[in-house]
């Protein structure tokens, strides 16, 4: 097994907990704002690790740029959407969860 | 079992489950969100089946147009089954038809088909060979594009007609109303749009350009562009009034019109509609794709807006697809 | 010059021209009437030229882009395509004239006039594309084009009932064409070809093919409104503006039926279709009786005509059980002939109903009382067209039924004769009911003046429908060019 | 390696399946929309992995389009005033 | 049991589910969704059949047909939504059960 393959494998395996955390957060967190939080943080890191892992396997700069672009787009879209949804939720009178 | 097969199995189970849930759902918003998820997973299925062209189209439509279309429609319709009138009592035949159709016909048809369809797994391999043999003279290096714009271009011509016809139908039904409120566009949203719009145009151009050699083409590119236009409308751009008359109509009709003209010209020239001269085939296909992309983008965006531009040009402009997303 | 005209493939132009005109009317709504009328004027000549080219020279079917058939799409110039093109051109031309009067230029409903022409031209182009298409998937696209245009035209009236009828028709059309498309997919999966001719040569009698055939036939039966699946038709056909009702009843229903004829006689002859044929025949019989009885009960003229359409569709489906053995050609010709005469007669009746609605303000049959005097032309139209629908001797409808009866005798299926005869009697009854009101001796206040384009075109159409029987030999000969049935017919032709 | 990619894609697919519970449960429309947003991201990851496994970079174009349009549905949702976002159903 | 028949079978199941819902659901938007599901089922049968080629080369013809079909069904969806909105605006109904008597004259 090549070193690059090893690193890819490791990175991919590392990305998994983030996706799982995102999903679990979405499911288990008590209110909208918490879910928003879980989703954006964990998920983007997860995708970032996947992209990193695939970049190691890439054989040309073009591919690396495409992967990076995809990741950045998801990042920006995710952040903006999270912001918009939170703002809308606040305007519409969602109450944050309190213990 | 190998992981690929498990992946397929899980994907299909989720798809069928989603279809069931969304069709049985009492809450319509939930149904629409489930349908958006269905579109996402359908794109994965097309990828698994080795049809990236279709996956591209599904991605561009499913993520952009369909979601917006359904959400706007849902907003305008409301999600309850209400009706002011009492329903007419069912006639005997209507009473009979529901259980017969739903209880007997549909299950039996699906069962017969399911039992028979497995025979098909191994038979005839399709037309790859034939198409590859003619690919050199088709003017396109990609099989699907060659089929769409040369071998079966007649279908595509009529399909472009269906698109234009759908728009005329929508225009005949209603006048456009503003899709969104103008106020409170957050700066983050504007920033997102300013970042995304140029990228959408670049990627759409890329998808169109590579359709000659690889998956991609006019429809995928047009659908992507129309999602871009939609985004522009979402952040408050609108088509200037002086563009809402003939120029908008020209833009909408040019894809179908040019295709028709080429069909007529080839019919006059060679006696066969859409028989491109061999040395011109590549350029003609490119021309058709370019105008078709512009038209499809405008048509789909206008379909989401859902109505003809106001006849009376003195009233404040209702929203119409923005050209700002296109330049 | 003559060579250029003869060498042209006019039947392809008949698709391209209306579609191009539709785009033009969309771009220049102000000129829509003139663009539409010019096209409508030109198309009958195109049809004549196409027929002449096929009869006098040897016009070959061609493939789009000149690709060989499993790859390209074949456009056909066989008799069925030609006669349907011609009938569509004729009926379409007259409906276009009528529409000039029905959608006057200066109306406060500006948009209606603006949108009728592009939609109607799209429908016309779509029908023509459907008639010449020889490719299963292309037929799907043309069917969708036709049904979307029909939806738009039904909705043009703008009332809530019209919109509901349009939406119901949209769902019906979608359902029918998706069932059809699934069948096409299964056939393509087995044979990797979509061309009707090639498929007819290689198809074999397997269960899978039967499943595909059932799906396709079910979809098309839904679209052509055979008896238990007819429920959408009365609303759709009566809620539309009069010219649109005429188009729908005369042409759109026939479009699905033409596809059905092509499938039955050209794609699936190798399959054992006895049972399905009898099922379709049985449904046809029920449709004849039930449609006529319902027509007898209607209070509104347009609904009466719509139910009469359902009954006539029933006759069309008698072709499938009757066309076997030596009666094959007779039944097939009968079906085609009935399709043509019904197109003319039914279009005339709907146009006339539109005129009456326009003048009397309502199309309730009771409002016709004493109409025989003031709007005599309309009543004459109705009577002439009714002769075709009932099947009185000089009309084409008579010959079609005559051929059916011959075929029923030849194949020993005498019960169809009883059905045909009782259908005829019932048709006579519901027509007599309308005429009875019209010739009632009641003095009526004067009706408003009818524009001449709404008066004379329906008359022309109904006269054509009536004398069709006298000149039926020519169209039948044309229809038999390249027909899928062998031709030991015409012996018993002519009573 | 290919097995690894596909297995990982499979696990991500399963997370989507689990996330569907949030769409079903809601309780508000906003929660459902949020879950759809997560599916978009996960689908991008799956597509990247499938593309790498199949060696077909056309699949990455699909991922790129998903990434580009990830915001459209959610932004439409936020900008429409007539969709009820707070009522728990 | 292989991939192709798996996908084709699922396509048929989706078709039947959509057909069932199209016939019995009353809310117009739900009917529209059902028709879309039906279409997706048909397209899945097409694409699965196109994916049978040797050495993994898919048949482009079904893909091209599905692309055409997707465009057509998208058109129908858009028109259906506008029609439904129109009906809702005129009658306040979100179903097709418009009373038919009131509009006869």
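Labels for the chains are A, B, C, D and E, by order of writing; each one numbers its residues from 1.
To be clear about the criterion, a contact is a pair of C-beta atoms (placed from the backbone, for glycine too) under 8 Å apart; a residue touches a chain by one contact, two chains touch by 3 or more.
Nothing here was measured: the structure is a model prediction, and the numbers come from that model.
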Co-neighbours of chain E and chain B - touch as defined: C
If a chain touches chain B and chain C alike, it appears here: E
Interface with the most contact pairs, given as the two chains involved: B-E
Centroid spacing, where centroids are CA-atom means, of chain D and chain E in whole angstrom: 22
Between chain C and chain E, centroid-to-centroid distance (C-alpha), Å: 27
Gap in Å, rounded to a whole number, between the CA centres of chain C and chain A: 58
Residues of chain A touching at least two other chains: 73, 77, 80, 84
Set of chain B residues in contact with two or more other chains: 4, 48, 72, 74, 76, 79, 109, 113, 117, 120, 123, 125-127, 131, 152, 155, 159, 162, 165-166, 169, 173, 189, 192, 196, 199
Where chain E touches two or more other chains at once, by residue number: 8, 12, 15, 19, 28, 45, 49, 59, 61-62, 65, 68, 72, 75-76, 79, 83-84, 86, 91, 98, 100
Every chain pair meeting the contact rule: A-B, A-D, B-C, B-D, B-E, C-E
Residue numbers on chain A that touch chain D, as the complex places them: 5, 8-9, 12, 15-16, 19-20, 22-23, 26-27, 32, 35-36, 39, 43-44, 46-47, 50-51, 54, 57, 63, 66-67, 69-71, 73-74, 77-78, 80-82, 84-85, 88-89, 92-94
Chain E partner contacts - residues on chain B that touch it in the complex: 4-5, 8-9, 12, 15-16, 19-20, 22-24, 28, 31-32, 35, 38, 42, 45-46, 48-51, 53-54, 57-58, 61, 65-66, 69-70, 72-74, 76-88, 98, 101-102, 106-107, 109-110, 113-114, 117-118, 120-123, 125-128, 131, 143-144, 146-148, 152, 155-156, 159, 162-163, 165-166, 169-170, 173-174, 219, 300, 303-304, 306-307
Interface residues, chain B side, partner chain D - complex: 2-4, 6-7, 10-11, 14, 17-18, 21, 26-27, 29-30, 33-34, 36-37, 40-41, 43-44, 47-48, 52, 55-56, 59-60, 63-64, 67-68, 71-72, 74-76, 79, 179-181, 189, 192, 196, 199-200, 203, 207, 214-216, 220, 224, 227, 230-231, 234
Residue ranges of chain B in contact with chain C within the complex: 93-94, 97, 109, 112-113, 116-117, 119-120, 123-127, 130-131, 134, 150-155, 158-159, 161-162, 164-166, 168-169, 171-173, 246, 249-250, 252-253, 256-257, 260-261, 263-264, 267, 270-276, 308, 311
Touch list for chain E against partner chain C, complex: 8, 12, 15, 19, 22, 28, 31, 35, 38-39, 41-42, 45-46, 49, 59, 61-62, 65, 68-69, 72-73, 75-76, 79-80, 83-84, 86-87, 90-91, 96, 98, 100, 103-105
